[in-house]
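Here chain A shows up in two complexes: once beside chain B, once beside chain C.
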Partner chain A sequence: MNQKNIAGKRKSKSDKCAYAMIFPAYFTFTVFILIPIFVVFYYSITNFNMYSKPELAGLKNYINLFGDGDFIISIKNTLFYTILTLFPQLALGLLVAIMLYRKSRLLPLFRTAFYIPNVMSMVCISMVWLWIYDPTFGVLNLILKFFGCAAEQWLQDTKMAMPCIILMSIWKSCGYSMVIFLSGLTSIPDSLYEAASLDGAGPIKKFYYITWPMLRPTTFFLLVTGIVNSFSVFEQVNIMTGGGPLKTTTTIVHQIYRRGFLEFKMGYASAMSVMLLAFSILVTAFVFKYGSQGQDVDVS
Partner chain B sequence: MRRRGAVLCVVSVICAALLGLAGCGNQGTEDLKESGAVNGSDSAKTRLVFLRVGTEPERKTYWEEAIAAFMEANPDIEIEYQECGYGDDFETKLNTGFASGTAPDVINFTMASMGTRVPLGQYTALDEYVNNWKGKDDFMQNALSLGSVRDSIYGIAVFPDPRILIYNKELFEQAGLDPSAPPKTWDELMEYHKKLVKKEGDSVVQTGFGIPTSGSNMQHYFSVFMEENGVKNLVDEDNNQVLCNTAEAVEAAEFMKQIADEGIIRWDSNNKDQNPFSSGLAAMTLGNTSDFHNWNQGAMEGKIAMAAPMTNKEQRTFCGMSFLFMSGETQYKEEVWKFIEFISSSEQMWKRYEDLGIPPLRESLKDRFIQISPEDNEAIYDSINYGTGSPKVAYANSVYNAVNDALEKVMYGVEDAKTALDTAADVIQQEIDNQ
Partner chain C sequence: MKKKKWEHSIWIVGMTVASLIMMIPIIMMFSTSFKTMEEIKSPVFHLLPEHFSLVNYQNAMSNGNWLIYFRNSICITGTAVVFSLLFNSIAGYAFARLKFRGSRIMFILLMVGLMMPPQVTMLPTFLILAKFPLMGGNNLLGAGGTGLVNTCAGLVIPLISGSYGVFMCKQFYENFPRSLDEAAEIDGAGKWRTYFMIYLPNSKAILATLGLLKAVAVWNDYMWPLVMTNSESMKTVQLALTMFKTESGVQWNQMMAAAVLAALPMFVLFLCAQKYFIQGIVTSGLK
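The block that comes next holds the complex of A and B.
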């Protein structure tokens, strides 16, 4: 009985301490994420314009969204960007991680070099790539001219603008995927590869039957975070193309920014934000349902 | 001990959160100002925040000198200078300032901003100050009325911004054109443009007339051609009538498309640095007096010149204007007016002309200004005197977005000018109906 009491007291103490420990994170989450989400839900059914008192508008903002050609285009562009950024970025990250998963004195140098773009500000990177893509003095066109090719308009070309942004985003993010994949690779026991070698498996078979299955949890994590990040793409679009030409690069968040902060239609922009949130949750749930099989690979 | 630690931790977090949230409150500016007055070295000084649009170094120098001169004449007022780039960045900064209660006291911003910000109470009406102002009668009447909304004056013009044809004399000579005879009509402009375009295969390596094909400032270029074709503005703000799809406006857009079809170097009007004129790859373009000042340096110094506004039906040009506004939130109205009055004085106006080439806006300086370059300056003065500038309507940003979308479609050949501008007019009409 006495022992039970002591255990209960200890548990109670440790509970309080645990609550205190998690309090900062939960408090921050509540104040800066949860409450704003509810506020955005409320604004989305009003005609809020940032300065005057919002009046209820029912579902008008949501109904208008479906007739808004720019919003529909932005959804298509965001999906296009997500698919063409995420998968190449994961593939490249994995390739680089595998290439750099060995012992060499130069490896830290290469790993750092690949990771540096990821820690740099997107604004700075966008400015640098804006110069690279400059049709007159850009490095890319200088290279093309050197090899006798015609100069391209890059960001001014309706077919090239989005691929240009995608290329830059892949370059920036693949270092992050590389680091996460490297950490995943370190958790694969060497014994598996040794056993495979004894069975006569070559590098491709080792990758297909050992590395890839063992990296599924890592890939799944990168996939989910990548989807959420790609859906919120904004800075590079706003700086490099402003959503043009002909709205070929406008994205959902870019439309939210334009409607909310430039046209003062904060209620309408909030409705867009709610749609984006719903869309993100839907896609993430889909990935969780169909993309997370084989997470628990028992290697013991 | 552990409990005490946990409690201390919770209390610290709550205090930090409260402090953080307090910073988001509406009273932030006042609190800061009061504490600045009490704790600062000069407790009697009033501190004003001045935010101006643009980041051009030579204008920054002007403002810093003007502020220093003002503070010397008014030792009881201290001015903090802030600046932010044109376009979306400035709008966002200002919106954030007003939304968080940290708006600047004096704002240097565009005419179009009045349309959206006056109804929101962000600018203070200046009538009581202007009516007692000695400089009122000497101030250019049109400039004064352009700063008005519904018969109340909200802004005092500081930087008139007429869009002028700027051309490269050296490229004119290379193409066999007379560098002292720039185009005066649309026909001449087209003729010159054709002669100046150079191509390597399908690529245009030099263009005659540098005109953007995308971006959020295309409406300024369109407005120039539209006004030269007799349309006074994108929207008639007095009657809320859409003018951007009138026959003359459509003709102006078609003319821009014809120029593009003859060969241009595409660029985004959001990035002024991309204008091929600045790199010597366009022989002509439209710019303001500041652009001329900037481009007339380095390798281009002495090689470029300004031309009088062109004509198709009327010799006109688009003349934007930036104003000094008193914030609707400022507590220091008298001090703000003192600053506006100082900046609007004849001395400061002439200094702006000497330092930056900005045309003066006082009748007493008109003759002196015109005498310096009779042909150019008379045309510039007339452009300012008759210019209507941007529409001062609450839906101005939507007008620009719709018109820019239409112009992009025209320049990329997706739609013809009439269809694109009719669509833009429908969008604008919807905005008008929703007001």
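The block that comes next holds the complex of A and C.
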């Protein structure tokens, strides 16, 4: 088999038509993802504003970024959102997946109930929750009043706005984690649990010694994709609060949108995009380094 | 044995309650869409409306030109799904089965798209489309006009490529038995024929999964149309939905009626493709 790696031989075996096959997908990828990465780096060191020709400005944009109060707040908000959305959502998804991992005719019904928020658009969901959180007619305040509690301002309250958005986002995405965890659970061989039962292990021990280690690749996958998704939170913020009240819900992508597409400071917004990319790579690399340890659990 | 049965009933009751709690916002979306404003404003909360009426749907649809919004959304979603499925699966096949120079490095490069928030490249992608040569009044150098801004093509083209789709298809095709290729080769079929006659017909599960994911993503997308369009005639359903959010006097019942109509196509699609979808996720090794 190793002989195939010799350059000459590989060349003769090479399938030329492969290039034609990957061309459409690779061309769009190159033009709309790969090249833009370089372009965004270039724009981030210019003062480009849509109307005049870009002029090199050195690191001025980056220096301004760290003096920009709104941007610093948006980083804090984004991190707050990521941590408080991702972990509860994963925990809830895992819990439901374990509850649903059994044979029953009702299973598709329950699975659908948990997954259905995930096929609705963020706009739709934001509209529904805007009504739920509405201070005067909203259901949440009606329920609070019913139990004799004082009504809250929810999205208009500087302390409550972000937690409200977080709660909604957990509700929307926990079904996704559930489905992925469920597919991870099905790949764990039953023989492991049978052997553990013979050894007298209870459900908690089984979870700790079998389920959790075997699900490690699944958790890892969800963690990495979840971080990338949470870092780019924008839609619910723009629709529900517009970054307010008093900038307590503004996020990095919301700032990029405001600066780039409303104020047309393309150079400055590009510098923010580069920072977003840097954060994502940093955190993903961190998860790769510490999250993949002990991934090869030897069970065979 | 008796204990098992008892346990199962508790499980059913518990999961039903949990599912209902999960569904409360959706149930309320549906019920509010049939209510009158008086009923919504009344301090007594009823889960179900007292008088069913479809008048909210009529009023919501007469607020703006919804025929155009739906046409735009269907058009964009349909084109993006068809082309992305074809392009991604054929690229996935090439990466999984064919040997060619640079395939490894090209695949790793493609995976960059998985690790990066798509909003990072949104700005340059917008500018590239705005300066697309020979389109929308642009000259050969891409100056003068508006390029592909405010066009269907501009909305669709960047959505066609997908690192995720290529990756999933590659994983899926790698699990195909090699003997299939050998049999095809003995019969004298070329690579194109092998793909179209053997691989494509056997990838229903993965195509249904990816198609559903793509359709949901494109139909539900809000940010890209928001950035890419500014005219009434190019509005998508999601953009139009945000029109109902006004500073004061929101017509909640109309808003919910429009939300139901915007969500319904994806509900139906999901319920139809559910079987393939779950199967696809499990078999494609997405875990």
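The rule is short, and it goes like this: the second predicted complex is superposed on the first by the 273 of 300 C-alpha atoms of A that agree within 3 Å, B and C clash if a C-alpha of one lies under 4 Å from a C-alpha of the other, contacts with A are read in each partner's own complex, and residues count from 1 in each chain.
The rule we apply is simple: a contact is a pair of C-beta atoms (placed from the backbone, for glycine too) under 8 Å apart; a residue touches a chain by one contact, two chains touch by 3 or more.
Keep in mind the model is a prediction, meaning the values are calculated, not measured.
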* To do: Consider chain A as the common anchor and indicate whether chain B and chain C clash or fit when overlaid.
  => clash
* Which partner does A:17 reach: the first (chain B), the second (chain C), both, or neither? -> both
* To do: Considering only touches as defined above, state whether A:122 meets chain B (first), chain C (second), both or neither.
  => second
* Which partner does A:263 reach: the first (chain B), the second (chain C), both, or neither? -> first
* What is the contact status of A:155 with respect to chain B (first) and chain C (second): first, second, both, or neither? -> first
* Go through the superposed model and pick first if A:246 touches only chain B, second if only chain C, both, or neither. => first
* To do: Figure out whether A:130 sits in contact with chain B (first) or chain C (second), or with both, or with neither.
  => both
* Taking the superposition as given, does A:114 touch the first partner, chain B, the second, chain C, both, or neither? -> second
* Asked: Looking at the overlay, does A:56 come into contact with chain B only (first), chain C only (second), both, or neither?
  -> neither
* **Touched chain A residues, chain B compared with chain C** => C
* Taking the superposition as given, does A:31 touch the first partner, chain B, the second, chain C, both, or neither? -> both
* Structure fact -> Of the stretches 99-107, 243-251, 261-269 or 279-287 listed for chain C, the one clashing with chain B is residues 243-251
* Show which residues of chain A both chain B and chain C reach, each in its own complex. => 13, 16-17, 21, 24, 27-28, 31, 130, 134, 137, 238, 261
* Asked: In the complex of these two chains, what residues of chain C are touching chain A?
  -> 8, 11-12, 14-16, 18-20, 22-23, 25-26, 28-29, 32, 40-41, 43, 45, 83, 86-88, 90-91, 93-95, 98-101, 103, 106, 109-110, 112-128, 157-158, 160-163, 165-166, 190-192, 195, 216, 219-223, 226-227, 238, 241-242, 244-245, 250, 252, 255-256, 258-259, 262-263, 266-267, 269-271, 274, 278, 281-282, 286-287
* Structure fact -> Touching chain C in the complex, chain A uses residues 4, 10-11, 13-19, 21-22, 24-29, 31-37, 39-40, 43, 96, 99-100, 102, 104, 106, 108-125, 127-132, 134, 137, 139, 142-143, 145-146, 171, 175, 179-180, 183-184, 186-187, 217-218, 221, 224-225, 228-229, 231-232, 234-235, 238-239, 253, 256-257, 260-261, 266, 269-270, 273-274, 276-277, 280-281, 284
* What residues of chain A sit close enough to touch chain B in their complex? -> 13, 16-17, 20-21, 23-24, 27-28, 31, 49-52, 130, 134-137, 150-151, 153, 155-156, 158, 238, 241-242, 244-247, 258, 261-264
* Asked: What does chain B use to touch chain A in their complex?
  -> 2-3, 6-7, 9-10, 13-14, 17, 21, 88, 91-92, 95, 98-99, 116, 120-122, 200-203, 213-216, 265-268, 270-271, 274, 276, 279, 281, 397-398, 401, 405, 408-409, 412, 414
